[in-house]
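Labels A, B, C and D are assigned to the chains in the order they are written; within every chain, residues are numbered from 1.
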Amino acid sequence: MPDQRSLPVRVLDHPASYVAHGLLALAGLFYFGYLVATWVPFAIKQLKSSYLIFFFHFPNALNTFVFFGGCLGGSVLFLITKQPRWDRWARCSAEVGVMAGFVLLATGMTWAKAAWDHWWVWDDPRLMSAAVMMLTYLGYLTLQAGIEDPHKRRTFSAVFGVLAFLNIPIVHKAIEWFGETSHPPKLDGLSDPSIIATRWFGVLVFLILYLLLLRWRQSRLTTTEEIEDALDRIRRLEEAPR
Amino acid sequence: MNPLRAYFSLVRWDWAREWKRKETLIAMAMMSLITLFIFSVAMPPVQEVLEDTRGGILWVTFVLAGTVGIDRAFRGDGDGRLLTGLLLSPVGRGTVYYARITSTMLGVVLMEAMTLGLFMLLFDQSLEWEGLLVVVGVTLAATLGFVAVGVILSAMTWSLRGGDAILRILLFPLLIPLLSAAVHATNEAFAGRPIGFQPVAVIGAFDLVFIGAGQLLFEFVVDGTETGT
Amino acid sequence: MNPLRAYFSLVRWDWAREWKRKETLIAMAMMSLITLFIFSVAMPPVQEVLEDTRGGILWVTFVLAGTVGIDRAFRGDGDGRLLTGLLLSPVGRGTVYYARITSTMLGVVLMEAMTLGLFMLLFDQSLEWEGLLVVVGVTLAATLGFVAVGVILSAMTWSLRGGDAILRILLFPLLIPLLSAAVHATNEAFAGRPIGFQPVAVIGAFDLVFIGAGQLLFEFVVDGTETGT
Amino acid sequence: MPDQRSLPVRVLDHPASYVAHGLLALAGLFYFGYLVATWVPFAIKQLKSSYLIFFFHFPNALNTFVFFGGCLGGSVLFLITKQPRWDRWARCSAEVGVMAGFVLLATGMTWAKAAWDHWWVWDDPRLMSAAVMMLTYLGYLTLQAGIEDPHKRRTFSAVFGVLAFLNIPIVHKAIEWFGETSHPPKLDGLSDPSIIATRWFGVLVFLILYLLLLRWRQSRLTTTEEIEDALDRIRRLEEAPR
């Protein structure tokens, strides 16, 4: 049977592309670490943990949004096209987004502990919105795991994927306004060009890394679902009246 | 059929059904009573503490008891005939959605009125007329958003195994901005202060976004349900 | 079969089943997380207020999340095969009751451990070693009573329409003395004071009365279920 | 068809016995009102509402217990004998008990308002236990109303009827111990013989009144259930294979 898939799909599915992607991510991470360790000005390094952690916090914050946005995109496209692959895209994006969110929360909490001596700061709108976002997307994954019928599962998850994303800006505004008003001091002086460049490079590196994860999860899920589909079709053929 | 007439007849039909058995109303009222008592046991019902907790007690009670009603918005007799029947009727799905929001909200608001009265009586709280107006207005506006998003989720979860827990797991995180605005406004009103623009903005935005999205998405939920069962 | 061996094999079997899917554990953990966040939004998470509310926040979270697990104690795959299967097995009903208490309690205690840790981290609370021991002891003792009466009620309500709401309506009022004792003891422990004899007496009496009554009444609940479905 | 019921049952079911019972209750109430208005010492009457209400509060408190005890008795007897009439006895006792409980709470709240200027006093163990008891028995009635299968309904309600009663002493002790400690002053000087005699007479009068209610509810419920049973048997006969 000749391979009927289009050229880009065949290239992306080839093992070599995974290896290349992985090597790229690895190289990026090393160079990122090198930049953090050597390039950014020494003055701010005195903040120690709260400073170093920032370069891991910021890229994960942005990437959390990117992948939750990916989940929104997949959900909308699934609702329009009804193609299972958009559901898989949305689901895997949510998984990777939740992972990035965990890194975001963990680095945020470490930072909070170092800077303000509390693990958690209820009135930091960014930390709180991230946590509420995480709760919402953990709910999304619970929903995906909790429905057996495939069409129902995909549709309902997509609907919730849209609602979940719509809520994010409202959550952020509400917590900014109604959180307690004992604002802890914020870190300043992060505008040195080397810092800006390094943190945006970090965003790119983590994006590459998480895209690798996304591809891996997607290909696993595709295989599983295709096998299930095939088994389903075989069973229906066997049961059908001749 | 004229959508507006269809809407009113759906709401009337819902209410005739619920009013006959009152099962959901009674369950909501019981949950509200019990929640108020649990709070009085779990947190000291003395004035100094209540000044910080009254809005929270009231709204957590509203949400916990209201969710009982929302959970049942599509359950009907428990076998799904309700939603199927609604969809077979010659009525647009937007109309079904709004009718369902309306009749669910009627029940929830009745429960909230009872809860508010009882709360003020039992916890010895009082409100000026303006404060009462603010609390009523905020409650109505926030309940609209609560029910609008709850109804969509209820339409998705009622047929699932463990659906009542899933409904709560999906619904409560979405409600957090609404809750924080409503709690803030309620506390200000009880303290006799003006609530300002911010809670109104958050609650208004929540209502608009989720009613709009809800109407659009209800269509898809219905499609998912139809092929699913 | 030797009741003790039967008991252990039932508990092991339950846990193998739950551990494979983790559905109930995840649902409880999510409910606990969400409840903690709702409290932080609804009541100011500042130290002065928390001194009066921390025991209450903790225990209301325990009860709300634990009830999700208790509600599912007999649901199994949702079609009642679990309870029927248990009763067909050559095991005394008292053994089934205690095994079910044990495995439900394991899940609830896991959730409570997570909740306690997270609560102390997020709400910035700390406990001396003695205080921690007291909180753990009180939590274990109170959870035993909570689960013992919850399991009986769950066996009655799981098959009813709207059973999850009925379970809560029946269970929560019964829990009020347990809750007030546990909240009181937890607050004292967090404040570094000795808890005294009274909470121990109330929790102990609750445990004894409801485990005793539960074992006797479980027999009747099973009879009612058998002819009913 | 000759009446096959035993003589006491026939006497109790005769309409004349209801009329007699009703007249007795009415006469008792009048005499009770007369005692309250004239016999008890004037000194305490100065407490006005809080004083007068006491004579309605106390009998209802005792009768609430009596009828919730009746519910316990009916529940236990049903579990032992499986006879539906004990379930009816338990259910109607709970209904009457809840009614007495409402009067108890209403009079208690009025008293609290008059004496301490608050409608509700969370640290009055008697008021609180009464409220928790009411919640529990409202739950009992919800359960009775929520199950269709008769055997299941009766068994489960009886089980809950036992649990509900067992909880009462624990509730009372817990609230006495852990209620807030700003105890409001209690009324004293209620030990005059005329007061004691009047309040116990009140207990008797309300007991007679509530027993009338209980009989009425029971006879209605018996009729309903017997008709349902008969219809059920007819249906089964019609459906049975000949």
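Just so we're on the same page, contacts are C-beta pairs under 8 Å (C-beta built on N, C-alpha and C of every residue); 3 or more make two chains touch, one makes a residue touch a chain.
Because the structure is a prediction, the values reported are computed rather than measured.
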item	value
Shared chain contacts [subunit B and subunit D, defined touch]	C
Chain pair among A-C, C-D or A-B whose interface repeats that of B-D, sharing over half of the contact pairs by residue number	A-C
Which of A-C and C-D has more C-beta contact pairs	C-D
Distance between chain centroids, defined by C-alpha means - subunit B, subunit C (Å)	28
Computed distance of Cα centres, subunit B from subunit A, in Å	32
Inter-chain centre distance, subunit A versus subunit C - centres from mean C-alpha coordinates, in Å	35
Subunit C, residues touching no fewer than two other chains	23, 27, 30, 34, 37, 41, 44, 161-162, 166, 169, 173, 176, 180, 183
Subunit A, residues touching no fewer than two other chains	132, 135, 139, 142, 146, 178
Contact graph of the chains (line, ring, star, complete, other)	other
Each pair of chains that touches, named by its two labels	A-B, A-C, B-C, B-D, C-D
Subunit A residues touching subunit B - in the complex, by the definition given at the top	79, 132, 135-136, 139-140, 142-143, 146-147, 149, 151-152, 154-156, 158-160, 162-164, 166-167, 170-171, 173-175, 177-179
Contact footprint of subunit D on subunit C as seen in their complex	149, 152-153, 156, 160-162, 166, 169-170, 173-174, 176-178, 180-181, 183-184, 198-199, 201-202, 205-206, 209-210, 213, 217, 220-221, 223-225, 227-228
Complex interface listing, subunit B residues touching subunit C	23, 27, 30-31, 34-35, 37-39, 41-44, 49, 52-53, 55-57, 59-60, 63-64, 68, 71-72, 75, 77-78, 161-162, 164-166, 168-169, 172-173, 176, 179-180, 183
Parts of subunit A lying in touch with subunit C, wherever the complex brings them together	118-120, 122, 131-132, 135, 138-139, 142, 145-146, 178, 180, 182
Sites on subunit B touched by subunit D in the complex	23, 26-27, 30, 33-34, 37, 40-41, 44-46, 121-124
